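Chain lettering (A, B, C, D, E and F) follows the sequence in which the chains are written, and residue indices restart at 1 in each chain.
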């Protein structure tokens, strides 16, 4: 589907040449390329706006890299479930790959993307996703009853903030990816699907 | 409705005492208090998480303060219209106040919050809000036909990015405000309603 | 936004000159002008059809002026909440003003219009608005379970009828206001917002 | 299903004994019984509140009995289509009967209740029902483009008001019938179904 | 509305002449005509595709003719309720007729088509229709809690399968009828409405 | 996630032992096992009801194996797109695998499942899926305008029937899979993802 010559665009907006980018952004791109072997298209697409790029990834890292009562796999579950509800091509493919790797489970991402209510997850994780989906789709209805339900599943107030904030951040991310027609890199499709 | 003793909480999550906050955040709070005469509750509510606070306001400022083909009043129109669709108490009240001031128009915020299709705005602004609402509510349906429609109203590609990014950012913001039960400060209700 | 010469129309349908109206309607217009200092546009817009005008205001008064277990402020809360759900420009602005005055509360109307679930109201008033909204948006699902819930909050059968009937009447009113592009008078925007 | 002893209630609210009703209401009930051979339950259900009864039927008659560019059958089509969308038991059964009689067509009411887009009606009537349904379900989206479309089908401004007002009035009526669990009289089911 | 010469089409797709049909299909058509006095249009419309015709009626009969904990009238209730939700002209009219006959009740089909929650049915039948409607409209939300609720109403696992399978089969049938603009035969409208 | 001992159930309903099944069904199961190397769970789940099993697969084969203006890959696209809209775990995973194989494309199934509007497909295929989705979700709105649009993309009447019938058949299939909690076999997840 892709070749060196006709590689589909990472975004419908222009992608600045890497060597024209501000030094901090260029460094981040090179670091992620070094680590992953390729530059995920979200980095290229958002480089169109350096200040927004910086804020986006600072926010992302604050939520996804912090110490939390949620495992990194659980955080990716939230991303995949809510991004699927928002029909976000880039986010489901890219974060589905990350989820498979974090959870060391080749099936979990597809299950959560299609219908998380039928996925092989714990009851606590199911409650986590129910709340994340309510924040994603009907945040105006969130009430103290939801907090009590979450507490009953053992989530701390900080955990609940994390779930809400990840769901909210990807509400932003999903919209930007859909508007920019952000394309997932081919590499993501197979990541985490094969036994090591 | 409020008194020194029983002032309703800015957020259902804890608000750290200002003097315990990191220096950069404390400074920003004092600066906004100096400028506005009070600290808008969004600053207090998000101070619960300093890293997210920094990313949030960096993102906000990147969108709302940058040079743009959209006036500052137009950007606030986007905030008010999409926040109303998301039933976000804090955002409609606080940004409604800012919109009245930016637009020097005491009626415009209420009109846009209730039904922007009937508001006293230009056809170009109406198209801007139609697109912002599509990004806010149905981003998965955004297509090149929308870009063509926007171009026909004279919006540049950069303008379209601005509209989408503001709508997407407040998708995040509205969800955080709803989950935290963020309370608009009393000061906002009357701002911009009285002739100078 | 308005001047003597270019005052925006009260309705997209013709407004009959006041002196051509039937005597009873002309008298009502003059009486309301005497009392309020201006003629709310709903009186002008509906004068297009005298028989419907008479029935409309007879119905309105039967519901809003009668002795009831609901205070007049509570009845206006129902109007504002359901009219906001129906995105009715005229009704939210005009009845928001009346609500502020009846409740002697400058903030309550905006709170209820945006998300009544977060408004500074009692639990009983919240139950009242939950029921009113169900009648407004999903009346086919109303069942005896709803009546039991309302009774548990202390509402009599007559009170429940009042809530339902006000919600139903403004279902009519909101639709007429939206179709006629009924414009709220400028006077409403600031009414009840300033301390006496 | 019914017997003299256990006849199901016309409404879940109390029905006042006819001889206790105000004279004007009692007369109307007797007149309709004289004419139809039975008292349609809407008259009994609404007699619970005499002032609202009077306003309701005054409004009804103003719309349904006036001279109009719409035939009486067409007006009943609007009632049946919008009442079906609102799942109003009483209104679909009772006005379905009236529609069959007015249109002298035994099939038309069922067709319009189920899916008016497939009914045996003219293109003009189809446009009439499309507009009536928009007023009924999405009045906040009605715009000048709808008026232009209706004018193109030959509807005058007065006709458009009639369509909107009937749709709006039955928005009220459907909600009252659903909340009161208003029961259609057995007589309606077969009316107009048999060739004369 | 119909005459020998201009009888409206049974389907917007071509209807093969009966004598050109495969023998087994021709036999079925003649058998149903013998039994009912007319050929219901679904037999003509689907004869366009003999293999699909065979599978469709084999499936239909497997569900509607089998021994079941559900009476035949109850099975028709499921068809009418879900077909009405799907606005399927043919299915509501034709199966409404069959329901009236099976239930020996002239009112039940109209009641269930309009709002089954207000129909004269038992609490068990109401639970049956609630489940059938969830399968019809929101099958992705069906969970073990629904099975427990159904068991509490005395439904066996086999009964629950029957309800689900009938609802699912008419999800197919309703869509084919809507796409083919399948027209109910005139005969259905009055069937089962008159006392024997 | 699975082991020989604790293999998750193919369905929440009982699966009959294969050697107790009617001969024709047992033969089909063995034939598919011979061909695929495993028995897809849909065969086991539906064997609970032999007559429905026979009708289901007869219908399936009539649509998916027939000569058609649609390629087999295109037919699977319809299955994946509509099954994803219905959040059907089994159908998206199993038919996603078949689509990858039929289309010889490792990415296409995930793209279509998430948001077919952004998938790497032709404009004709996009029109095909738009129509299939309308049949799947809003069949009551299908009209001659849709047929004209499809004809403009070169689809014959027979092709349009095929698209509608596949969408309708999987409306049935998706509901049965969701109600039975039908589990996709592990084998499907990786099929067609690796270059040969």
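The working rule: a contact is a pair of C-beta atoms (placed from the backbone, for glycine too) under 8 Å apart; a residue touches a chain by one contact, two chains touch by 3 or more.
Keep in mind that what you see is a predicted model, and the values were worked out from it rather than measured.
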item	value
Shared chain contacts [subunit B and subunit F, defined touch]	A, D
Interchain contact steps from subunit C to subunit E (minimum; 1 if touching)	1
Copies subunit E and subunit F touch via same or different residues, half shared test	same
Length of the line joining the C-alpha centres of subunit A and subunit F, rounded to whole Å	28
Centroid distance [mean C-alpha coordinates] between subunit E and subunit B, Å	52
Between subunit D and subunit B, distance of the C-alpha-averaged centres to the nearest whole Å	45
Where subunit B touches two or more other chains at once, by residue number	87-88, 115, 140, 178
Which pairs of chains touch, using the document's own definition	A-B, A-C, A-E, A-F, B-C, B-D, B-F, C-D, C-E, D-E, D-F, E-F
Subunit E contact footprint on subunit D (complex, rising order)	1, 8, 84, 87-89, 92-93, 105-107, 110-111, 113-115, 118, 120, 178, 181, 186, 189-190, 193-194
Residues of subunit A touching subunit E in the complex	115, 117
Complex interface listing, subunit A residues touching subunit C	140-141, 143
Sites on subunit F touched by subunit E in the complex	12-13, 48-49, 51-52, 54-56, 58-59, 62-63, 66, 86-88, 135-136, 139-140, 142, 144, 147, 157, 161, 164-165, 167-169, 171-176, 178-179
